[in-house]
């Protein structure tokens, strides 16, 4: 699907774009939303989900970005790795923290496969 | 591969188990290491990788557990979700934090697929 | 593996290409088959599998394309998303249907991870 | 996370359960929602997403179930395969249609890997 | 789908079961084929694919089993890991070889994620 | 993360690069290590893991490359497919062997999904 420019948006999509701009305090709207704008109902759902989930709560916003990036690396989504990599840096992620995150992702990817390949049974103590 | 009991360990594997027990300050060694003990060289590598990677550094140990669990959910590793879920709780993860982590994993899983399915091109601003 | 041009095909591969052209009523043979032509036995198997599976049966051909694309998005196969996206459009898929398909894929990707991450036990009523 | 029984629900979660029961015209609420009920905001988001996405639109509800199941098989989610397999049967899916869906999923899983393994370049004609 | 017993097979499925028994020189037919027997055309396709692909060729049968198992571990298919683990052992796989295979799978799982997470560009020398 | 050139390496990273060059008997160090060099401890771990795992043992080095590539195709890692494809060819992999490997990967990808989609229970005989 082609990326929609501002003048091609439906009224419903434009309303979401307005909220993205207001919330993020920038006029820039990235390509993800411009592709999703073909389905204004889904655009609104995804944006409100992101806004409600990624802000401060029991976990801080930077920790949430790291979780998000870890999933994106596991799912091999270049767009998501790059866009949320930029978001994490904007929230203060250092190079050293980024590399440590990658080392944890790499370790988990390795041990996940060992546990699956060796069909290790879950210890009783971990079941409750 | 069957799980090795303490009296079945090679000397090399026993040395790793000793270090696991000393480092973790408990006599309990979970099934993952008992399956891996059939290959003492790999056992040693994985344990030293885990010990070197999961401790405090530029990121704190609990944040690292969350990254680890996020990857394990994306890879569908029940053993890893349950064992590191227990580890995260031992490091202070609350129910509210666990559920927030799950909401971020769920959001990323959704937006990853939208970006891939819509073949969204990476914005120039995210490329550097 | 390089893409094989028509004059580079073995006799066995040429026979499959002839059937692709006859069945699809076009002289165009896309790159997938040109890469696979290095292994004529596999080329024949895959083509006959595709021909036997994707046509009308208990499900109609367009529904089958949607199932095919959903798997390709989950597997992150750009080639498959683009080539079968084109096939689905040729069979009548509208923009609105495409976006609805994407919304279902996105929802499933999200709820799949929640069910796995929360380790939800299967209800008895779903087991039979 | 343990499954919440009706008397353990927060008011917000109870409101969602009421809507699930009303919409589905049954008192039965399956385990997925009982696990998710620990996070009423996410529970509400996921339920409203499901209600808004899986109903009739440009695609019919049974076709949407097939897309959902295809993703769940690709993601290896037993809970989702079984619960939406039941939903699809309730919407009229026959055994023959189920087996045809599986054959398409299997074909796509095979050709996805061939396209990725052979690194087949996308044909120009599929790029627009 | 329930597993079909011998007396429940269609004639077409029975013919495939006969060939499985003759080829494998055993009366035992494992559950995979009994589930697939609901779709005799797909049963025949998959069996002939397996028979044609897993035998001796440019690669020996044991090496092919290792490749098959590696994919099954990456895809998290317990049935496939266990059934082809048994097949590999019947073809001579030793415990030491099994553990070395697992170490290679684990290494690749780790380095795959590092290459993806770090978005490492392919070296020119690897592109031809 | 940008790729580090030789003059930008820390002393610890330079030591690993020296060992890569000595072990491989070439001055060429590919991009993977240049990206990982931002974290010298992880660089050293990954290199020593690769050196210790991929050499001759109970399995020969070419068989190990095939296992590595199979995992990389399943994980959709272009960098890994291309770099280890080159390594496998350098160790003697023929075109016919490469295509047979791909056919096994494709078969496993298909049967993995059938076993998961049909939820085939593991035969008792495969459980011990």
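Going in written order, the chains are labelled A, B, C, D, E and F, and every chain counts its residues from 1.
Just so it is clear, a contact is a pair of C-beta atoms (placed from the backbone, for glycine too) under 8 Å apart; a residue touches a chain by one contact, two chains touch by 3 or more.
What you see is a predicted model, and the numbers here were worked out from it, not measured in a lab.
J.: So if I look at the partners of chain A and the partners of chain E, which chains show up in both lists?
T.: Of all the chains present, those in contact with both chain A and chain E are B, C, D, F.
J.: Does B-E or C-D have the larger number of C-beta pairs in contact?
T.: Spelling it out, more C-beta pairs touch across C-D than across the other pair.
J.: Look at both sides of the chain D and chain E contact and report whether the same residue positions are involved, with over half shared, or different ones.
T.: different
J.: Chain C to chain F: how many Å between their CA centres?
T.: 28
J.: Could you please state the distance in Å, as a whole number, between where the Cα atoms of chain C are centred and where those of chain E are centred?
T.: Going by mean C-alpha positions, chain C sits 21 Å from chain E.
J.: If I count partner chains per residue in chain D, which residues reach a count of at least 2?
T.: Residues 1, 42, 46, 49, 53, 71, 73-78, 82, 99-100, 102-103, 105-107, 109-114, 116, 118 of chain D each touch two or more of the other chains.
J.: Applying the document's contact rule, which stretches of chain B touch chain E when the two form their complex?
T.: Those in contact with chain E are residues 1, 38-39, 42, 46, 71, 75-77.
J.: Quick one: in the complex, what on chain D touches chain C?
T.: Residues in contact with chain C: 1, 3, 28, 30-32, 35-36, 46, 49-50, 53-54, 57-59, 63-64, 66-68, 70-75, 77-80, 82-83, 85-86, 94, 96-97, 99-101, 103-105, 107-116, 118, 120-123, 125-127.
J.: Spell out the residues on chain B that touch chain D in their complex, using ranges where they run on.
T.: 76, 95, 98-100, 102-103, 106, 113
J.: Could you please specify the touching residues of chain B with respect to chain C in the complex?
T.: 69, 73-74, 76, 78, 81-82, 102, 105-107, 109-114, 116-119
J.: Would you pull the chain A residues touching chain D in the complex into a rising list?
T.: Going through chain A, the ones touching chain D are 41-42, 45, 48-49, 52-53.
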